[in-house]
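When the chains are written out, they are named A, B, C and D in that same order, and each has its own residue count from 1.
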Amino acid sequence: MHVTVWNENRHEKTNPEVRKVYPEGIHGAIEQFLQGEGRSISTAVLDEPEHGLTDDVLKKTDVLVWWGHKAHDEVEDEVVEKVHARVLEGMGLIVLHSGHFSKIFRKLMGTSCDLKWREADETERLWVVDPSHPLTEGIGEYIEIEREEMYGEHFDIPTPDELVMMSWFEGGEVFRSLCTFHRGNGRIVYFRPGHETYPTYYHKDVQRVIQNAVQWAAPNTRPRPVYGNHNDPLETIQPKGDL
Amino acid sequence: MHVTVWNENRHEKTNPEVRKVYPEGIHGAIEQFLQGEGRSISTAVLDEPEHGLTDDVLKKTDVLVWWGHKAHDEVEDEVVEKVHARVLEGMGLIVLHSGHFSKIFRKLMGTSCDLKWREADETERLWVVDPSHPLTEGIGEYIEIEREEMYGEHFDIPTPDELVMMSWFEGGEVFRSLCTFHRGNGRIVYFRPGHETYPTYYHKDVQRVIQNAVQWAAPNTRPRPVYGNHNDPLETIQPKGDL
Amino acid sequence: MHVTVWNENRHEKTNPEVRKVYPEGIHGAIEQFLQGEGRSISTAVLDEPEHGLTDDVLKKTDVLVWWGHKAHDEVEDEVVEKVHARVLEGMGLIVLHSGHFSKIFRKLMGTSCDLKWREADETERLWVVDPSHPLTEGIGEYIEIEREEMYGEHFDIPTPDELVMMSWFEGGEVFRSLCTFHRGNGRIVYFRPGHETYPTYYHKDVQRVIQNAVQWAAPNTRPRPVYGNHNDPLETIQPKGDL
Amino acid sequence: MHVTVWNENRHEKTNPEVRKVYPEGIHGAIEQFLQGEGRSISTAVLDEPEHGLTDDVLKKTDVLVWWGHKAHDEVEDEVVEKVHARVLEGMGLIVLHSGHFSKIFRKLMGTSCDLKWREADETERLWVVDPSHPLTEGIGEYIEIEREEMYGEHFDIPTPDELVMMSWFEGGEVFRSLCTFHRGNGRIVYFRPGHETYPTYYHKDVQRVIQNAVQWAAPNTRPRPVYGNHNDPLETIQPKGDL
């Protein structure tokens, strides 16, 4: 399986505080803990040509991880179209934190993907509500993150296919934090934590969920459905005479 | 539409604190705010013959509201079977608070319906996660209840058909607080708030949700599906000659 | 409640066969059976300025019915954006038959919305799989349409919030024919039947489902969620001293 | 992983036609094609003591496959309770064909699980409606079974968590044929085909779906949720002073 970790990589360049937390970039931190279990990993960032998501890269990518925040608008529509097509074709997509507002997530969801937010160093607790789900393998009843940005409902997404974790925030809000969707042949995971100024992606449980997500979202290998004019069945299925 | 409000009515008899909050019983308080909009309301309690749920009562009931807590085991299995059959036939069922552990709810869900709980006078906030849902008509972005018993995940229920509100509790938990299910032809609502020692059922927003739930769960009038041996279609549908 | 029935209205102009079936246009036929029950109805067609969907029209519309087929591409993107915004704001949307490929439905779904199809005068049977659903009020166990175009799976949509009817086709296919979705505050219904050369919209059961859908998709009146920076709760909710 | 294949094994004893199709019993046929991929398999039948489902057997079973038909009532309630408890604890359960009416499936579903049926040697086509689902790995767009018993909607089950395949029958019916549910920590699959007089369990695609199901339903290894009185969090999470 090949995983491509995409990161906007702008905060890291302009904010020393972020650079201190993620000296190799958020993509570098994620790349590191995704190593192993037979996965090959590469990274791509906004400022590369085609944002690092060339046809070749997309073609070989089984699962794409996406982190973006302040420069969603700089992602070219043409690249978004290609990523969208690849998801419908079967590529898995893991959208992290502020990626909720990325063009690709909004296009796949069909909604505004808006939410409430607050930066106030609050404790977040993510509770498992679907304990049988493979995304929760290796996780206890909840994940506690000492300090995070708050995201609160209403989160303007379609009803997830599966709601796996819900967050509690110190200031009084809740949030649907670990959700799955499928679109076409592609499997999508949204996972909330990961504000750029906190060391969230070094949290062992957060890493484990993303590792689980990458496994879960990997495409199956069956042939894709055929669409359009469909006359064949009229010939291949014959109503029985005795009916 | 006829609504029957069923209450265990035991705390009210034995606990002066509860009697002070609900001098007419919890069923009396609910009956009162359900008046109006062309509804006829009656009540039934555990200590009546057949727990007040005779064949006649069940037959005329469009929506049954259920509050129980400490005496779930005293509800006769035969009555539970009758209520279950009526729900599958189309009767709406609104299960409140500790009714999560009632025989009828557990039978309809097929799971333990267990959860975490704590009595600590905590503030509860119920956030709307499905703002288009008729159960939320007349409600703001959240309902705040100053003091309530905590219920926390994991709540061992099947995935609800619709998750409409999620609770935040001061002590660090979340809970799926307003959920819908359908079973057979019947529509079911579970709504969390309502510990017996708090004046929760006098809260205008809580009342409004229960009023909405009663409207939403009312049965439609279409004929029920027919089950079993089904030979007719073979005669009524004829494959066309040109296929 | 105000309902706007939108129709492409091109087949009616160019194909005498269609004009014979729908002399007042498909929109005219739908307008007629939606009369009553306190609804006001108007129509709009592609060739009107702004396709008849001006800001004023959209603002007053509670539920928009959409039929399109051969000219989806001629619908201006700007109008699609406005309709999309109104759905997220709460306007109901009923998408009929070949409207599955409309820009607005694809934008709301986030998928290709592709499917299999065949024109072969086949019998369609739409079976009710959710007998408690208000969309099925007044309908028997199935709707039989003597001759229709076939639509077959895989239908490339997100998993519907509710699957209410499934179609059987003579030639060997099935289809998810009556589905609900919510997006933002808006409620969406997709209903399959209605090929332009068949008198499907005169079928009493088909009419009844569309009438039910219009009622079901009407917006509620509650205030919409607020998004963005959310600092207030930090001030309004105070952790209790004794915790 | 250990799989136990449970079969009623009565038709095989009394009906020579069935014995001819399944000389080793239906359980024997299923046991055979489940061999491999590191699975250990055993079988159990109704007429063994405790129906072959002793505490030891249930304890070591990761996934239980269930086929029953004419003797559902002979399954002891005590055994049903134990199987139910094991599913909630995490054991996977694959319910086949007429197992829809088994005590264990009805108890887990909370509904009648009734349906329409007809024995008329009809062709069945099972169409994939969720092409991204691991249960469909290795399967084309549909599975065609030349002759089967018909099962038709309405199938009185709760809305499945996932609807993966839908059946088309020659006589005019449709059916939700491959469904998943989770209950507690357990993952459940219902798969329709398998009437005892047809060689359905020798069909390569049917075998593949059951193989996939066994993999999919295997329990994860995380600790189970804790229920009941929950006071600890009040001590471990401390509201911050500056809030």
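As a convention for this text, contacts are C-beta pairs under 8 Å (C-beta built on N, C-alpha and C of every residue); 3 or more make two chains touch, one makes a residue touch a chain.
For reference, the UniProt names are A, B, C, D = ThuA domain-containing protein.
As the structure is a prediction and not an experimental result, all values here were calculated from the model.
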Intersection of contact partners for chain A and chain B: C, D
Homomeric contact chain A-chain C: same or different residue positions, threshold half: same
Chain of greatest Cα-centre distance to chain B: A
Computed distance of Cα centres, chain D from chain A, in Å: 31
For chain A paired with chain C, centre-to-centre distance based on mean C-alpha positions, whole Å: 30
Length of the line joining the C-alpha centres of chain C and chain D, rounded to whole Å: 36
Interface hub residues of chain D, defined as touching at least two other chains: 120, 125, 128, 130-131, 141, 152-154, 159, 161-162, 171-173, 182, 184, 225-226, 234, 237, 239, 243
Chain D residues within the chain B interface of the complex: 88, 107-112, 114-118, 120, 150, 152-154, 156, 158-159, 161, 171-173, 181-184, 225-231, 233-234, 236-237
Contacting residues of chain D [partner chain C, same complex]: 125, 127-131, 141, 152-155, 159, 162-163, 166-169, 172-174, 176, 234, 239, 243
Residues of chain B touching chain C in the complex: 90, 120-123, 125, 128, 130-134, 136-141, 144, 161-162, 170-171, 182, 184-187, 219-226, 237, 239-240, 243
